[in-house]
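What follows is a structure written as structure tokens; I'll ask about it next.
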Amino acid sequence: MKRIAKLLFCLVFIPAAPFLSAAQVITVSTDGSISSIQQAIELAEPGDVIEVQAGTYVANNLEITKPLTLRGINRPLIDGNGEGTILVIRADNVTVQGFELRNTGRSYVRDYAAILIDQARDFVVEDNHLFNVFFGIYLAETDAGIVRNNHIESYDRREASSGNGIHLWYVRNPRIIGNRVTGMRDGIYLEFVENARIHSNISNGNNRYGLHYMFSNGGTYYDNTFRENGAGVAVMYSENVDMKNNLFEHNWGPSSYGLLLKDMRQSNIEGNRFYKNTVAIYSESSTNILIKGNHIEQNGWAVNIKSSSARNHFSENNFIENSFDVRTDSPRNNNVFEGNYWSHYEGYDLDRNGIGDVPYRPVSLFSVIIEKQPESLILMRSMFIRLLDTAERIMPVLTPKTLYDEQPKMHRIQ
Amino acid sequence: MIEINDLKKSFGNLEVLKGMNLAIPKGQATGIVGPNGAGKTTLIKTILGLVKPDSGTIRVNDITLNGNWQYRRDIGYMPQVARYPENMKVFELLEFIKGLRKQEALFEDELIEQFNLGPELEKFLRTLSGGNRQKVGATLAMMFNPGLLFFDEPTAGLDPKASQKFKQRVKNEKENGKTVIITSHIMSELEQLVDYVIFILDGNIRYYGSMKNLLTESNEERLEGAIASMMDVA
Amino acid sequence: MNTLLLHISKNEWKSLLRGKWVVGYGLIFLLLTDSLLRFGGGGPEALLSLSNVMLLFIPLVGMIYGILYIYQSREFVELLLTQPIDRKVLYWGLFIGISTPLMLAFVLGSLLPLGWHGILMVDSAASAMVLGLGAVLTLIFVSLGFLFGLAFYDDRIKGFGFTIVVWLFLAILYDGLVLMLVFTFGQYPLERFVIAVSMLNPIDLARIMVMLEFDVSALMGYTGAVFNRFFGSGLGTIAASSMLTLWLAIPTWIGLRVFNKKDF
């Protein structure tokens, strides 16, 4: 609470303070003396508030080049009429709130967006509804901006002709909070972003990734929901990323992942819930990742870890009724599995210390079999396969001999 | 009445009935005798519809058997081995069969009294003695007052007193004009109960006629001797 | 429903309830499900363990139960056959009379703990499916047991032996053979073939339905078009459930024909 109050103070009062005495309110309405937003922007002095009354305003490439607050009253609609970008912010300390924006242009060469923030800082874009847009909110070379509680929805199922919901490119210190993104290419896209803080967003039903992290170090994302995205969530070529308490669910398909890690270093994945994904966590060429305290339930494969990944550490996770626990492409193992709960574990705990007395081998023979002969998938859960799996667990021949959890927990970890 | 024409039945390679012809008029009491495996039980089971003949026809009360079941309304059958569901009480079995036949159980109380089954009614069938089970079987066969009665080795498990009562009951039925058919190994019993004898050997009827004739023809005083001499001839 | 048929079934119900055997069977499932939920974690875990037990044991118990009934009730059935009733009615009356208590014992035994642990509300579709499959498997295998009892009417040793062999074959060996075929003919496209072959085994059918409920995420990872169409759309569920219906219809129908023509 205290932190939020402090934040609010910084956001509202410090930038506004120099203009406080001079600030005036300009009202735009369809039947008033000022009936165009463009006109109001031109009239306004830095620090002024423009209040736009409900109604439909057709406009595009509305450029804001001075610090202003653009506020929609009863959610006025700005219709881009299918041409270009609707709103462009090129000044610091701009606030845009309470609008509905529709119909940007679409292009294979230009990234038209509903709201473009270009080389600005300390902006707030909040509580806007964006429909039928190419890109939603586009941040380019910005610093310390806030994108909060926006709702972005478009339906173009082709990956190439849809843009990203919230797109960040060369951005520092962004806060992406409480937005809902549906039907875009990537829900939230980051490229060359530093120190991002992304939380409480819902990104579902996007054509590609719910969240796509590229070359972006030192950020954190938590409490988000990523559901039914074409390929799940991808976090790539980055380091020091914290991923906590997110929900990854129902990401289905041969190349769909709850969380895809590629060339990641020194990051934490903690307290997340992975539910009914084809692959919950996929890791390729990633190192020194701590995967701890996650709840991984009813996925096709809980973990698919390629041999290029090393020194990753899985501990205190709950692996519950995943069709397969771990899959890997190498007989050697360079990662650590320690102290997890595996619901498929059939060992015993004679000394009653809560830790199973025999190690658990999470790579089953059957997962090796279907790797060789995928049609045998149809035999999943059959008694014959269970017998084979049990025999293999007792005497591993075809599964990696060194991949095991020496301290499997007997009970779920709370 | 029962009419049988050229009845044949084989089980696998074994010919059990080899073209049997038979007419049993209404009201006649008939004993069926013959060595084990001669075809007595198969003959009765065929008439009851338990066994389906390979060829030939059977008519019971002018109904030709073809897998139909209605003709059995007029048939009561007492099996040789009486085994019933263990967890059923005697009265429940009686009620159950009554529900199946949907006929008036005219003689139910009378038979229960005659066979002294009253104290057994509330007991589970598994706790009943063999004799009492036989009595239950006899009751089931006769209580609906059918015109045709089949008894398969009826007195095998009965004590002398019960046996006595049973025979008395059968005689009464006979006097009331019922058609009675009995198989038995106890010839003295047949002598008391039946007027006609069918002797079956190897799937054929060797003799069918009145008891009196049989004894006269074979110059024997007792049925046992008459049958034995017929078997010697064969 | 035919009142006579109901009369026969009711008599079996009463008799079986008194036998306590069926009640004990239901209690076993009650204890099993309850302890799975109490000690084994959440709903899906318990439901999967329950379905494993179900897929393995219901076929065996069902068949033994069916064949045992025929053997134990020979004389009684013969007595009933001499009564003025239709054999067809008797057959259905007996079959329904003995199979439904076993089915209900499983369903109630498993349903009650699922209810009081609150799983029924949370995983209602999955619970309903596991219970429904158990119910259908019970009917299928009791009818098979019935059929084997009629087919090996005079040779109990053979009848029981045959039952055990059929169970071993369907529950375990069959899938081993499928796996062997898959590896032998691995170079050919096999998807259609393995689907077809799995459809011929009722235990596999039930297993596939369990798989469709609990392993869809993994199934979606498979790239073959035929599997994807089969598992990804409602097609798999429809095909598997209609085959299960056939599996129920055919043995009961054959049983009826055998019963109708049989010399007792």
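Each chain carries a letter (A, B and C) given by its place in the written order, and its residues are counted from 1.
The criterion applied here is as follows: contacts are C-beta pairs under 8 Å (C-beta built on N, C-alpha and C of every residue); 3 or more make two chains touch, one makes a residue touch a chain.
Bear in mind the structure is a predicted one, so any value in this text is a computation, not a measurement.
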item: Contact distance in steps, from subunit B to subunit C; value: 1
item: Chain pair whose interface holds the most contacting C-beta pairs; value: A-C
item: Chain whose averaged C-alpha position falls nearest the assembly-wide average; value: C
item: Interchain centroid distance [CA atoms averaged], subunit B/subunit C, Å; value: 42
item: Separation of subunit A from subunit C, taking each centre as the mean of its C-alpha atoms, in whole Å; value: 45
item: Computed distance of Cα centres, subunit B from subunit A, in Å; value: 87
item: Multi-chain contact residues (two or more partners), subunit C; value: none
item: Contact footprint of subunit B on subunit C as seen in their complex; value: 4, 7-8, 11, 14-16, 18-19, 73-76, 78-87, 260-261, 263-264
item: Residues of subunit B touching subunit C in the complex; value: 11, 45, 48-52, 67, 69-73, 75, 77, 79, 81-88, 92, 96-97, 99-101, 137, 140
item: Subunit C contact footprint on subunit A (complex, rising order); value: 252-254, 256, 276-279, 297-301, 320-321, 323-324, 343, 369, 372-387, 412
item: Footprint of subunit A on subunit C - complex, ascending; value: 41-42, 44-45, 48, 52, 55-56, 171-176, 178-179, 182-183, 186, 190-191, 194-195, 198, 204, 207-208, 210-211, 214-224, 227
